[in-house]
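For clarity, chains are labelled A, B, C and D in written order, and residue numbers in each chain start from 1.
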Amino acid sequence: MDFDLTEEQQLFADTSRRFLADECDLDVVRSLAETGAGFPGAWWRRAAALGWLSLLVDEDAGGLGLGSEGVLYLGIVAEEMGRMVSPGPLLPCSVVAATLSRSGTGEQRSTTLPPLLAGEETACWCFAEGGRSWSADAVTMEAERVAGGYRLRGEKSPVEAAAGARHLLVTVRCNGQLTQFLVPADAAGVSIEPLEGLDLVRPFARVRFDEVEVGEASLVGAEGAAAEDVERQIQMGLAVCCAESAGAVARVFEFTLEWAFERYSFGRPLASYQALKHRFADMKTYLEGCHATTSAALHAIAGGAGDSALLARVAKAFIGDFAPGIIQDCVQMHGGIGVTWDHDIHLYLRRVATNRVMLGTPREHRAGIADLMAL
Amino acid sequence: MESLEAFRQRARAWLADNLPRLPPDAEPWNAMRVAPGDADRARTLQKTLFDAGFAGLCFPEEYGGRGLPREYQAVFTEESRPYEMPLLFNTPTLTIIAPTILDMGTEEQKRRHLPAMIRGDELWVQFMSEPSGGSDLAGVITSAAFDGANYVLNGSKIWSSYASFSDYAICLARTDWDAVKHRGLTMFMMKIHQPGITVNRIRQSDGNVEFCQEFFDDLAVPPEHVIGKVNDGWTVAQRLLFHERSATGGSSPYASGTAGRRREDIDDLVRLARAAGRADDPHIRDLLAEVHVLQTVQGQTAERVVAGIAAEALPATAGALLRLFTGLNGLRRNDIAIEIANTDAVAWDARTSDGDAGKAYVFRQAWCLGGGSTEMQRNIISERVLGMPREPAADRGIPFKDVRRNAPIK
Amino acid sequence: MESLEAFRQRARAWLADNLPRLPPDAEPWNAMRVAPGDADRARTLQKTLFDAGFAGLCFPEEYGGRGLPREYQAVFTEESRPYEMPLLFNTPTLTIIAPTILDMGTEEQKRRHLPAMIRGDELWVQFMSEPSGGSDLAGVITSAAFDGANYVLNGSKIWSSYASFSDYAICLARTDWDAVKHRGLTMFMMKIHQPGITVNRIRQSDGNVEFCQEFFDDLAVPPEHVIGKVNDGWTVAQRLLFHERSATGGSSPYASGTAGRRREDIDDLVRLARAAGRADDPHIRDLLAEVHVLQTVQGQTAERVVAGIAAEALPATAGALLRLFTGLNGLRRNDIAIEIANTDAVAWDARTSDGDAGKAYVFRQAWCLGGGSTEMQRNIISERVLGMPREPAADRGIPFKDVRRNAPIK
Amino acid sequence: MDFDLTEEQQLFADTSRRFLADECDLDVVRSLAETGAGFPGAWWRRAAALGWLSLLVDEDAGGLGLGSEGVLYLGIVAEEMGRMVSPGPLLPCSVVAATLSRSGTGEQRSTTLPPLLAGEETACWCFAEGGRSWSADAVTMEAERVAGGYRLRGEKSPVEAAAGARHLLVTVRCNGQLTQFLVPADAAGVSIEPLEGLDLVRPFARVRFDEVEVGEASLVGAEGAAAEDVERQIQMGLAVCCAESAGAVARVFEFTLEWAFERYSFGRPLASYQALKHRFADMKTYLEGCHATTSAALHAIAGGAGDSALLARVAKAFIGDFAPGIIQDCVQMHGGIGVTWDHDIHLYLRRVATNRVMLGTPREHRAGIADLMAL
């Protein structure tokens, strides 16, 4: 969390935190994990009522009309959700909503958006094609022009929150150029196969497009002109991932610090052992780094800064390298109890380890950074 | 004595004729994935070894062993790699508890239990750690009060692997609360499955169920089941910890097979790389080779430390070096596994993958916690190998009942 | 007050007209490679800034500054990057010593010295560390005995950068040996080049000559040169250390230019990679990007911590987070440099290379020692940012003369 | 050092250590560094008189005839030299002597070897061709068949101890096959340009062969048949490098440990601080690893084990990764004095950092290991 939130932002953060504590604490998360229920629809609608899904959407499309500042609010929600290892498809729904608001047809804005923003329906973003392809350059799935529309053939995986989604935003190529379609999940030829996942409440799936025919009205933006939207979606996704991981690490650090003060060994609190103190110092330093780089990325995106592409990737690379390690160190501080199912810390570790990989590992982002810097 | 080479030939031939050969793509044995049914299988295999004279090679003959030097066990272990072995008996039964009883038990205890372990009749576990205890093993608050006839135990133990399907346990409890911490402990042995003991299985963070927690409710243990002297249990515990460090560090002469992958075996990671289609990526090859280097040097270091202890160039506590090396290598191995597996570590198709890289990563710190945390190993190395000053402790010289400690945790 | 943007435009135009532009391939300024002749050049440049009203932007006007908020200095610093700047004045003169005098000095001391520093007349150094001292800054054994008229100093100081070509020093000495460690210290100021002080230059492990050692032989310092109160020098030292952490962590508002490379500037490493013919190697590109990530986040963290301290969400001691981050990044940067340079780091053709990657590696730990060791930063963070218990010290509550300490080292 | 040296080996180690302490302590090393004098010839002859250069040489070629055990003794000398950051071209002279003993012509064995073994002349091995080419596969320099002999053209760098060497063992290709020649340093067309070096007493140079003509008698072994010798030379070189670094780290650890006991801070010895104690524990662990893997490599070479190629590279990769870091940690333990010229520790750091790179960095060896394991 930034130290210099505006009053509005602080209020929004407080409301979000209270809402999660009241309606989706870790007991709820655990019971969702046990039952495989995904997330409670009623809860998601109440989250939507707080505006969580309308942050990036223009007023005339039913959103809050926060403009570019909206992403800062989105970062706040993501961080709070990270603190509670929350379920719910915040990232995919936000990405789809933002792009529809910006580049969707009138029909898409007036028909698809409202239930999405109200939390009554969900959407997902079909982008990666197997592991290690979280860059626009790696998109190879083609949409072929046919009479009255397009025919889609290919496979996208992993796709967050595909099962249960009403709409799929699919990034493909038409004649080699990036193009996006909004495809109904029940279109003929679409099949969704759930994957097993490390995160217990965040589902991923493989989505197959087997000669899926869609009309021209399914285009989001013009044919071959989606590159800018895709890059915005990537940056948004990276920022959400980072904010969520930063929130998760911050929360773990908090309760581990408490534990160190309360737990006695050899008649002394753990917090009095220099070797542990020094590890806490390292953790605190890199935790501040996680917050700082997330904030810098969010502000660059909000400000439309020219270096937002770079800064979003810097943040993801840094947090991917450091966040999981901080949580592992916190596990170590807990001792044996930290590797039991009943302790909450593994829920955080699963979330952060998943975020490390999704939308690209640190190494993959460093390759992207080297490209962006023309090294 | 039979020459080492003759022994090797005889062992090789016998193994080929008598033990099931593992398929070449068998998963390495994983101590974290033991199912209750595995115990009976292990008992049978151990019995097979025993009947042929290949069990307990380094234990004295009078207690059911063969009285051979450690090289013979090393040779047998090496030869046994391709076969299914009773690895479940290694730790803690044969490598930790048996040698502790050998060092500290009464003649009666040794004659009664050592042969039974070696011939596969008794699987043992340790009741050492407690939910409220942490790294301070001597800080146990399980109480053992003498009622004139028996010691009556109340309290709880945790992290005892396999307790639910084992037979006996060795258990540290407090018999004197007015003494300073280390002086009021006594080591007991007990049958696990009896009234007064409740065993619950604990689910690990990676989803597997392996560890156990036990609760003692007025459990009566007769005085002849004390190991060592009453109130001198810490001396016994220290022997036990010494053997535990040897076992987890890989230098115990009492293991009758290796409890993990062959040290240079990185086949599982290679398979992971192939599944991810990345076996030709120079980055991945670099990581695979790094694991090979670390595991090779870990094994070489174990040999060196064993030789150093034998030559008295290193103190017996130097086993902690191996525990630390093993622990840190384990972390690196897990980190490399998730880097190789990439998305397969966090979202996988259940038909083609088991997501093990990710699950193992969630359980990663167990490498640095089991068998004594790496922090404790570092204390031992700095204080007892390098002779540096001990950490100040707030519990020295005062009755244990007055020491600030954690509340019991259920 | 002039708007920030107007100020930026004015600064930009003035800089272009008045300061020499650095060539694009200029080596980044290196505090470790300052030659004596650089001092006069820095004095001239600082005077140029001062005459145009661009010096000491955040210092009060009554002491020669401009009384502007820190954003103005940040803007000026940013604009000044392409130019040759009097960076030698930054640390310790303007960022450490001047604000310490501002906080703790007498009115007379402030009026006398702050304007002189800001206009480039006085370069200062710190006489703080001692050869026998280590991390314990308060453990100084340089003695200052009052003879009725003056304090008479005897002892030795070390690690004082640039002393040989600077003008004044701030010096911590012991005035009461019967008090406990922190209570018997007094902070003095003094001219460096005077009888009673001998300055020797010390060669660093990388072969450069930069640090100095000083010897005091019956050096007389008048009472009016005491900063703060007699025997309360530790209070002054703590302010000084606070400013030092801000300066080395990159959060001081008193620097009139950046004392290092631009944070995302990895040009030197890119050149190294090109010289080694490896700029296209994915491994090398990965390492270059890693340095960029770490340096970028270091800068972002500095901004965050500064904001946190300003908002009182973090204590002032949080500057230690930046020192630690910077120190650890420095290590990684050096490790990466030798990996990139490969053989060029250890055997190079003097006509085409200067072997800097290797030499910097030899001096690598200076990143984690200068300005307080990383161990001390970790103590500060854990104890004063996180509130954990202090380390037990064997020197609390007893007269310093009775404390076990190191013998003086020449 | 192994814990189970034979009596002969222990005696040899003690003699070597005493010789170095008496005749080439660190003051001598420093004065050699200041004057750039390389190493004192008389001292090298006395070292040779201890048998240091005859360890790998057959008895009938004037050596000690230790057979394959010789390399264990060589490891002992290298370790002792590492402990004292000694000058002297042990590695190149040993490599050349061993190969001449094994594959040299009668003339080479009877004429070249004796002064080499006596320390009266020195030799060097010209192998690498610029950075990152420490493998036989990377050798590209060609020797062309001409009337009565061969013509060599190319450049070798870095070459240890080339300046002052009387003979150059040059690894090249004839018709694509590895071939070695023993070339007099004063042959027409040979030029030796010294390089600057991080190690203050171990000189490297670039050696140019500008149409150097040599007779058939210069061949070492048959034309095109040097692969086995070259691999032996590599393994020997790696083992010497490792032993030397292990010795250097062991010595640094010793004096740093002493320092930690003697040095007081806040009224307590450094050795009483848990954070420092734990770092010493890590250092000790990896120091034992350095010794263990060096010993394993040496014994594999001595025993002619099939995996000696692999084990020598494992050792070099491990020590290259860990040895410099241990010394850096020891610098940190010393504080400011550890980064001064007058403290000896930088001499060790320079040696070990140089050894990390020479004959291949850890990463380069890991690539070789992956090849050897057919990963």
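Going forward, a contact is a pair of C-beta atoms (placed from the backbone, for glycine too) under 8 Å apart; a residue touches a chain by one contact, two chains touch by 3 or more.
Remember, predicted model here, so these are calculated numbers, not experimental data.
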| item | value |
| --- | --- |
| Chain whose average C-alpha position is farthest from subunit B's own | C |
| Distance from the mean Cα position of subunit D to that of subunit A, given in whole angstrom | 53 |
| Whole-Å gap separating subunit A and subunit B, where each centre is the average of the chain's CA atoms | 41 |
| In subunit B, residues with contacts to at least two other chains | 282-283, 286, 375, 378, 391-392 |
| Per-residue multi-chain contacts in subunit A, two or more chains | 273-275, 277-278, 363 |
| Chain contact graph, described as a line, ring, star, complete graph or other shape | complete |
| Residues of subunit D defined as touching subunit C within the complex | 128, 130-132, 157-158, 193, 195-199, 204, 206, 262-268, 270, 273, 275-276, 324, 328, 331-332, 335-343, 345-346, 349-350, 353-354, 356-358, 361, 363 |
| Contacting residues of subunit A [partner subunit C, same complex] | 2-4, 257, 260-261, 269, 271-272, 274, 277-278, 280-282, 284-286, 288-289, 291-293, 295-296, 311, 314-315, 317-318, 321, 363, 365-367, 369-370, 373, 375 |
| Contacting residues of subunit C [partner subunit B, same complex] | 282-283, 286, 392 |
| Interface residues, subunit C side, partner subunit D - complex | 129, 131, 134-136, 139, 158-159, 202-207, 211, 276-278, 283, 331, 338-339, 342-350, 353, 355, 358-359, 361-366, 368-369, 373-375, 378, 391-395, 403-406, 409 |
| Partner subunit A, residues of subunit C touching it in the complex | 270, 279, 282, 285-286, 288-290, 292-294, 296-298, 300-301, 303-305, 307-308, 310-311, 313-314, 320-321, 324-325, 328, 375, 377-379, 381-383, 385-386, 388-389, 391 |
